[in-house]
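The structures considered in this document are given below.
In what comes next, chain A is part of two complexes: it sits with chain B in the first one and with chain C in the second one.
And now, the complex of A and B:
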């Protein structure tokens, strides 16, 4: 009896919830995320959310490279770091304003990526993973080889902020309040950047170019045989991905107002790998959802809401990695991907059912709304 | 200067070759890129520390034998639990092994209560003078063991039946299965061998050269073995030996010429990787390396 009930609940879930058009769902999520400051989060939470937005740009760019063209990159922090350092050094030596250094350094990252793609794209799979990791490590060592330019461990400090504090100093506002408003400005700026990035990446991957990229992933030889200039598309994906990662680096540097070798950290290169398992690879939005889940769980929920003791908190990375390890063994394409794949399968199964007389009729009789996709598919199958 | 480079280079190169042999074995046989290879290097050093100094206070020579055996068993278990379920998917294998590496590093950090270094005893105390150089007995012993193990493995793979099964599995998996070889068992054995070799290298390096073991010591060996394998070609025992010597000598030369800057030494294998890929993308010895068609 219980199973019947569950099944009924499940089918009603499928009919009502899953069939929300993806565009509407995305719109609702964006609206929800944009209205976060309405709930008056404290300064700490807001700061975490700003860096989460920045990291989301970074992991989305990683997914373009790995999820769509299958070029495993374990050194993506390279572009993040180059972006951050080039904007920092442009300020240090030429005293240019922020609004000029950021576009310039994005161009620098883009050209760097095109140069680096020459040796990197000769190799595939694990070799590429190791080569990109090598690039990131070489870059971080170069910082130590020229300490007088880059400042070695202490990095480049006292960089200008995107929104200087004096914009928010007004009569009758306390210093704390103006800092909060500054963070709020950062929040909206990074949020809009994230949305624009996601839109661009989504458009690229769901256009003809995206199909070509997936075909390169699936079978390089066959795409070559179909007259596609595989190398051109690979370099394009590499450079585009680097561009957004570099932009994220610029944002980060001008948010914390310093650039140090931590930008090239190995753990930062592994971040997209880890969050992708939460969200699902090859979807663009998957890693973004993953990084939000990771950050909210990690920094806000465990530290502020539950207040777990410090000894356990120190073990959080270990616990987190262990969970990821179990997940990757169980669902190699990521939980998000697993769920959407499963739903797709179910929808297809339901379509097949719908063609049979019984269920199709029940749906029709009750006047239930069937999703647009399912309806189109059912019509096509007839 | 020059004699120091020659002698020390020879000794470290042999250990590096042994380390990379383990890496190339598991890749050649089962196609797994074990990014946790350096982790077993680190675990080997820590296991040696546990047996000789940390908990049990046993004889270091016993530790030299016991630690690789323990690490080999751990490697086999790890393979069966973590790597074998995802062996078909390349990206998942990379993710799983990277996660394993980070998790082990954190586990060690927690287990040692945040101690960043533990002292590792020399295998045999004392030193001798040779060609104007003070060489510890430990480093000589480590060199001898590495060379002996390398030759042993060479014979094992080319002559012994199990070794032949390993080679067969690397050449044609289905045909090997049809010949009645239990390939999963071959994989597990290979993994055990590979991790045990990493452990021997870890003990040698940490007890004869560094004198300490630390949780972050897994990355450099991984980079080294990758550089050696890219240089020498995959699955080639001879190539691994030559690659190990090139990388080992390059590193020793840099270390001797620039003794103050530690960060340059860590870049050496990376620069070698990039140089090989730019100048000779097929490796030094031709076609064994996997590249685009």
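And now, the complex of A and C:
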């Protein structure tokens, strides 16, 4: 009985994942990402990877709002910060455990976004971008008006961690090793959060509701003429996007164990823009690929692999800009879109080929790659 | 009770009176043409009825209900669907998804019979206007004539009781015009109780379909009647051709 069940699961896995190249690639990437600790990264790299996971949740939520619904937001750090600060303040004043403050503060961000969306969504395009940016700036200055509550520049400190260190203190394990294991726990927690976030966002944007969101992006007027309550869908996208951004903020705060005004920084508002240009807008997975490329280039490649000497460390920025420029010129639609376009061509080629249904058969046929170029060449020969 | 009743509707843009004290009505199952030279206020009239503009004075009644101040999407869900003079497809979406957007509206989803799936219904809508081959093509790759038909399929997807077509023949070649004429007639036969209003410049195509014509000039209604009568009306000829020397 168990074997039939397993066999059925295996065959549906073949049909729904292996036979569809983009899903297969996504599956392989997720497996690879889940098995990063096998490669034994050092503590620093692992810490960077944890914050990359958190930022990936943040930028994916931005793509739902901007890439799919077309509501330009340059103040997404607002939700990141509100998420972080509300969980911090809930701990400071009520001493609630982490597992309660995080869901509560996600709810806080959600309701905050709904309230804010009413004034914000009255304006469009660049005006909306300016308005949201102003919101983020106002929020960060509000922190300095109530220094007793928010702690102003020093922020709220000594917050509880998601995984306290004492969980990892055991006999025969050095202190360094237990810190490493703690970071590893964080890594897996944020990674699973990221995968779940991506699945939810992908499901939402590729459902019937997602079609309506894109219609709002394309032509608001025509969407109204089709009987769609545009405002309702805009508020929905705003709130859903804020929810995940706020969740990312909570994770960040409980990872570094303090909340400071840096959460509202403009850097965080512009991060999604940069990585989305890199990865491809309106894809959900695009910004995630973008943020990984950005972080790996910025933190790991330049510091660990190239080892730029400290005297000219500022030159890093120049190299970084050059690399990003090259990537954008090479793939103007973003890395993510480039990959999926290639895979789509591959899929078409597989459908044309009669010899076998499986992707690798087409791919490995006589050691030749059947891509766009090969097919165009074949057509020209005829 | 008339399906749509308009009483003394007026709209001013600064000093210009785009629609000036216009009153008329449309009954169930009627096909009415609205004609007039450029700038006569036909499209403004459409925008007033469908809620995209707010009237300065006057009343729009649909099935006896005052809808003068209602929002565009509310009006669509009450049963008035419109198309646009300049095509407004959702360019990032495939042709079939354009129709699905309208099917997601409260009225569109209400009208899906239990036996039909959402997708089946969308395909049926495209079949009515003959666009099934282009189903999965992104709307940005589709030609102008097909987009005109797509506009109509999108409007029909909400199952309107009153269909308002804003220059459906604009920019179409004779073959496409002929096809569209036939599909408008078929739409009429499908649901004989549905009122249809057509704004048009191409009088030749229009006169074959409509039962009644309303003529606008500089925002005012100058004539109303059967197509044959209108074609002989002196004032209408003057408006279109200029005064005799």
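In the analysis below, the second predicted complex is superposed on the first by the 292 of 382 C-alpha atoms of A that agree within 3 Å, B and C clash if a C-alpha of one lies under 4 Å from a C-alpha of the other, contacts with A are read in each partner's own complex, and residues count from 1 in each chain.
In the analysis below, a contact is a pair of C-beta atoms (placed from the backbone, for glycine too) under 8 Å apart; a residue touches a chain by one contact, two chains touch by 3 or more.
This structure is a prediction, so every number in the text was calculated from the model and none was measured.
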Partner chain(s) touched by A:324 [first = chain B, second = chain C, both, neither]: first
Partner chain in contact with A:163 - chain B first, chain C second, else both or neither: neither
Partner chain in contact with A:217 - chain B first, chain C second, else both or neither: second
Partner chain(s) touched by A:58 [first = chain B, second = chain C, both, neither]: neither
Partner chain in contact with A:208 - chain B first, chain C second, else both or neither: second
Chain B versus chain C as contact partner of A:180, first or second or both or neither: neither
Partner chain in contact with A:294 - chain B first, chain C second, else both or neither: neither
Chain A residues touched by each partner, larger count belonging to chain B or chain C: B
Partner chain(s) touched by A:225 [first = chain B, second = chain C, both, neither]: second
Shared chain A contacts, counted only where both chain B and chain C touch the same residue: 221
Touching residues (chain side chain C, partner chain A) in the complex: 50, 52, 71-73, 76-77, 81-84, 88-93, 97-98, 100-102, 104-108, 118, 154-155, 157-158
Contact set on chain A toward chain B in their complex: 66, 70, 72, 74, 118-120, 122-127, 129-131, 133-135, 137-138, 141, 144-145, 220-221, 266-267, 270, 273-274, 277, 281, 314-315, 317-318, 321-322, 324-325, 328-329, 332
Chain B - residues contacting chain A, complex: 33, 35, 82, 85-86, 89-92, 94-96, 98-100, 102-103, 106-107, 110, 219, 223, 226, 230, 261, 263-264, 266-267, 269-271, 273-274, 277-278, 281, 289-293
Residue numbers on chain A that touch chain C, as the complex places them: 208-209, 211-212, 214-215, 217-219, 221-230, 282
